[in-house]
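The same chain A turns up in both complexes below, where it pairs with chain B and then with chain C.
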Partner chain A sequence: MWLHLRTSPIRWSLPVLLAVDLAALFLRNRSWIGVWPESGAAAQVPAYLLGVLAAGVAAWAAGAQTRHRLHEQLAVARVHPAISEAYRLGATLILLLIPYVIGQVVAFAVTARTFPPGLGLFWGYALLGLFVMVMATAFGWLCGRLLGTLFAALAASMGFLFLLTLLGRVGFVVLSGRPNTMVDPVGLVLRLGSVMLLLVALLWLPSPGRARPARRAIVLQVAAILPLAMVVVTTSPVVDRTPPGDDVTCVNGRMTLCIWPEHEKYLPKLRSLNARIGLLPASFVPPPRMNEIGIERTWHLGPDGVIHLDGDAGAPIFHILEGSPWSYAGDVSNAILASTFGFTDTQYCSWDTLTSADQERLSVLGAWLEAYLVGRSTPDYETNAPMEMQAAWARGRAIAGEQSLPEQFRWADREVGDLRGRYCKPVR
Partner chain B sequence: MIFVDATANRSGDDPGRWLPIRLFLSVRPLAGALAGVVLLAALAAWFGLAEAPLPTAVEQGKARIPLWRLLAMGVMVLPVVAMHSSLADLEVVATRRLRALQRSVLAGIGTVSALIYLGSCALVMQGAVVGIVARSLLAWFGLALLSGAVLEWRLAWAVPTVVAVVLWYWGHDGAGRYEWWEFSARPHDDMPSLLISVTLFVAGLVAFAATPWRLRSWRRWLPTRARAGRGAVRQALDRPHRTDTTANGGWNCQADGSVSHPVVTERNRSS
Partner chain C sequence: MTVVLEGLAQGYGTHTIIDQFTTILRPGITALLGPNGAGKTTLLRTLATVMPPRNGVISLDGTAITDERSARRARDKIGYLPQDFGFEPQMTVRDFVTYAAWMRGVPSAKWRQAVDEALEMVDLSAEQGMRMRRLSGGMRQRAGIAWAVVGRPRLVLLDEPTVGLDPRQRLQFRKIISALDDTVVVLSTHLIDDVAAVCDRVIVMHGGAARFDGSVTELESLGHDGLPGHSALERAYMHLLPESEQQL
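Let's look at the complex of A and B:
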């Protein structure tokens, strides 16, 4: 085996593959550092890039014996062809997995410095990427065996890309590891099992350029590919996690903000957010509690007899996307405005009669609140909202950026009182 | 190719003119390459506007990369891969005639492939997009040539594939636009992309033209120090009698401090 590892043509490609893997891991948004599932998912993403290269490289390796004209020597060897083939395929697989595994180890080491809870979720994503790499290798080897030595590598690379395109429609590509989702263990075991089956079946393919593969070998391949295709198409790689119940981390204050324990690195940011909420004028009425997505789920029985996820019931939710403070500040400011103005309160308020001028004032107020909660006035996202709405948001952010805090609060207090007084009866 | 001359004399004048190129083509899988190009062109016409959900460095969610951009690379790699011949071991010693044939055949089949692909793209896309395709074909061809000439014709896919992966992952700037160096996606009248494409094309041509004998003459233009450093061993091997074997026991120190060891003196020392 060591001999095969040392003489494989793949070893020259390893530096390139490793460089691509590490670059894809670090030359991007690095919010994954410090959260286990996100780390596993971030180190899993290069598998799709490496897979494209690995398919080509595996096809090249599959044709090595034909290129070096070793047919006669191998044909008269005493060992069974499938066994010597197993060594070659095994060496190819091991070498191609090295860059990916190094990437995962680096991601592990970087997050292990803070060691947050939720390590178990990391392994699921790591194995999912491993599956992608093994599948790419198997695909490349198959191309290398069936298409001859010349065009196989190109065909394997482009073919794997094409495969990704097709499978992208069934959710094959996983990009992030939010704490509210996890890799489906059953699906993962099925995927790994079926791809191993394919690897074993590949051993009975004759080398390219000699005899055409026997019909029996082709039937064997098809029989091995079918379960893999079925599994990939029918199962989803990630599923929602069950709500954690009481095992959540919460920040108390004027409002209670609860997050998944895996997201503990965001606690300081959420504390400062909550402190800013505490400073808001008394006319703002924040909801008593907000949850990160997936912490509470309420189900209700729909009229058609199917159980639906009820998004409106329970406490309002917020997201933490790519570590951006704007992602949760936007959700929190919307929830505060909704409970302050009682948008859903049809008993005392009549927001159906909202004029467009007041709509604009609400937009200005919402943008101000969002920017105030973040503490900055230039957002990190792009939007394709209508121009007049964007202009209103820009005015709101300008207020947060330019005026002093007491001035801002006086203005906001006046706006809330004025708008509420116009559309709601003063009951509360 | 010596056998070309031998057989060319035996046949008549008119068919003889075409014999070298027929022999050149008979050991190369050009038909397969053209079939591949036609297949890719058909895919481009059929699925070209479908979008591949590939991961990217900046955008939350997936980048939507239209398939025609992915297929364009393959279209330009195929003709270069087809330059591999089953007699490659013999052709190592070939000189001008083979190179001339290679040059004209490569130019011809490259143009034909590009035209086939552009034609099929023109069926389903607007003129501006076809312009982008044409520009990226130029760059992919340069990269494939570079890869094929430096590594091996059969490895012409290697460099373009790596470059393609880099472009697809890092090519977005996060605001729905592309970085200035992403030559395969920016608008058709974009100047940096055009410059990069032309540069890559020229780099490919230079790599193709860099035959051993040309490299030798190009090296003469290098400064003396670099030449001594690079070619020291080879120069010593080429002219064993002119090396100074007496000064320091056969070890030949060059001006820049590198040490080379002539073969002849090695034999003398061991005997």
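Let's look at the complex of A and C:
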């Protein structure tokens, strides 16, 4: 094994693969730092990129015996061909995993500085990426053994990219590690088990030097690929986590904002946001509590006798997407407006008669509130909403950016009072 | 070590190369001499267990090689160097020979000693740290011989080992294989000089059959004037060819 590790030309590609890994880790975004599941997922994402390269490199390595005309000599080896193949494949796999593992170690080290809760979730994503790397290597090795060397490398890389694109449609690619989800342990075990089975089956691939392909070996390959294909298609890499119950972390104030303990790094920002909510004019009526997605789950028995997740029950939810304050400020803003205006209150309000002019005013108000809560007037996202809606949002953000706070509050208070007066009975 | 070949038949596809070949090989250097297509390489490949014979039996010290399992058991006794042998260019000479030792089933505890011995035999101890890709043709050929002899296999099969070597390198080669005194060495060659210099026995093959099997002196005695050739051995060789091939 050491001999193969020392002499494999793959060694020369390691700096490039490592650079690709670290670039994918740090250049995409850095919101994952300080959150274990997101760190694991962020360090797992390069596996898809590395996998495309690894498939080609593995195919190239698999064809080394043909390229170097070693078949004749190795055909008379005392060592069983599967054993010698295991060492070659093992060395290739180890070398290709090095950049991925270094990426994971770097992500671990960066987040370990604050050591938030939820380390267990990190390992799930680390293993999920490991599975992708092993699968890419197995795919490349198979191509390398079945096709010619240079063509095999190209075919393996392109083939794996195509495979990822296809599998992306069934949720194979995991890009984030939000704390409300986790890597499915059963699915992960099945994935790792089936890819290991394929690796073992690869050791029995007939040598390209053989006059006749061994039919039994071909059948074995197909029999090993099928379970992997079935597992990948039928299992989801991630599943929803059980709500944390009393372990939830909350920020109290005019409104209570509760988050997953793994997201504790956002507590200062949420406190600041809650302080801003506390300054809003009294005409704004925030809901008593908002939860980060997945904190509470309410189920109901449907008329079909099936238990369904009730998305409308319980406290309104917010998301923290890639650490963006705009993601949760938008949700909080919507929830405050819904609570303030009673959009679902059909007893006292008649929002079904809302005019387009007033709809626009609500949009301006919503955009202002969102920008006010963030404390900035330029959002970090882009939208393809209709132009008139975007224009309304721009006006709302301009108010937040250009006017003094008392002016903003006076304007907002007037808008709330006027709009409520138009559509809701005063008794509410 | 005694190698018995009994009624051996071998071929590729529908083409039969060797048919009903029978001989006994004993320690010493045996040359397989013959024109291209005579079946020398096919015979060596069959002896090396690269391909199972279509018919007949190969026995090593009385143990018949009947299937892949028995072939694998016998392979620690066989050292084989194909004519156009391969190597991993990144490997050093020592890596290359160590790899051969491992593949031949030499116990890992004995690798160091076996590799040292093989490198010393081919006079490459000083170059053991050089990468295979950097070796000259002659050094590479010697490394190939080290591949074939590491672990002291009792049967050494060398296919055209002197092709491409300069006169000095050929002399060096002869010195190396002359040292394999207790080993059954079978080498195929086109070069009659090599046969005369080092071989104890010659098998002249043509059309997959042995036209002659005897000592170099016996072969030499077959040569007579009137046939092309610069030496008695060359004329003897020409004598063994079919009449249509005897004249140039």
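Keep in mind that, in the parts below, the second predicted complex is superposed on the first by the 422 of 428 C-alpha atoms of A that agree within 3 Å, B and C clash if a C-alpha of one lies under 4 Å from a C-alpha of the other, contacts with A are read in each partner's own complex, and residues count from 1 in each chain.
Methods note: a contact is a pair of C-beta atoms (placed from the backbone, for glycine too) under 8 Å apart; a residue touches a chain by one contact, two chains touch by 3 or more.
None of these values were measured; they are calculated from a predicted model.
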Counting only touches as set out at the top, which of chain B and chain C does A:Ala392 meet: first, second, both, neither? neither
Regarding the shared-chain residue A:Val45, is it in contact with chain B (first), chain C (second), both, or neither? first
Check whether A:Ser157 is in contact with chain B, with chain C, with both or with neither, and answer first, second, both or neither. first
Could you tell me if A:Leu365 is touching chain B, chain C, both of them or neither one (first, second, both, neither)? neither
With the two structures laid over each other on chain A, which partner does A:His80 touch: chain B (first), chain C (second), both, or neither? second
Going by the contact rule set out at the top, does A:Ala24 touch chain B (first), chain C (second), both, or neither? first
When both complexes are superposed, which of chain B and chain C contacts more residues belonging to chain A? B
Using the superposition described at the top, list the residues of chain A that contact chain B and also contact chain C. none
Which positions of chain C touch chain A when the two form their complex? 12, 45, 48-51, 72-73, 75-76, 78, 80-82, 84-91, 95, 98-100, 102-105, 147
What residues of chain B sit close enough to touch chain A in their complex? 29, 32-33, 36, 40, 43, 50-55, 57-58, 60-62, 67, 70-71, 73-74, 77-78, 81-82, 84, 154-155, 157-158, 161-162, 165-166, 168-170, 174-176
Using the touch definition up top, name the residues of chain A that touch chain C in the complex. 3, 6-9, 64-65, 68-80, 84, 211
Spell out the residues on chain A that touch chain B in their complex, using ranges where they run on. 13, 16, 20, 24, 27-29, 45, 48-49, 52-53, 56, 60, 67, 149-151, 153-155, 157-158, 161-162, 164-165, 168-169, 173, 175-176, 321-322, 382
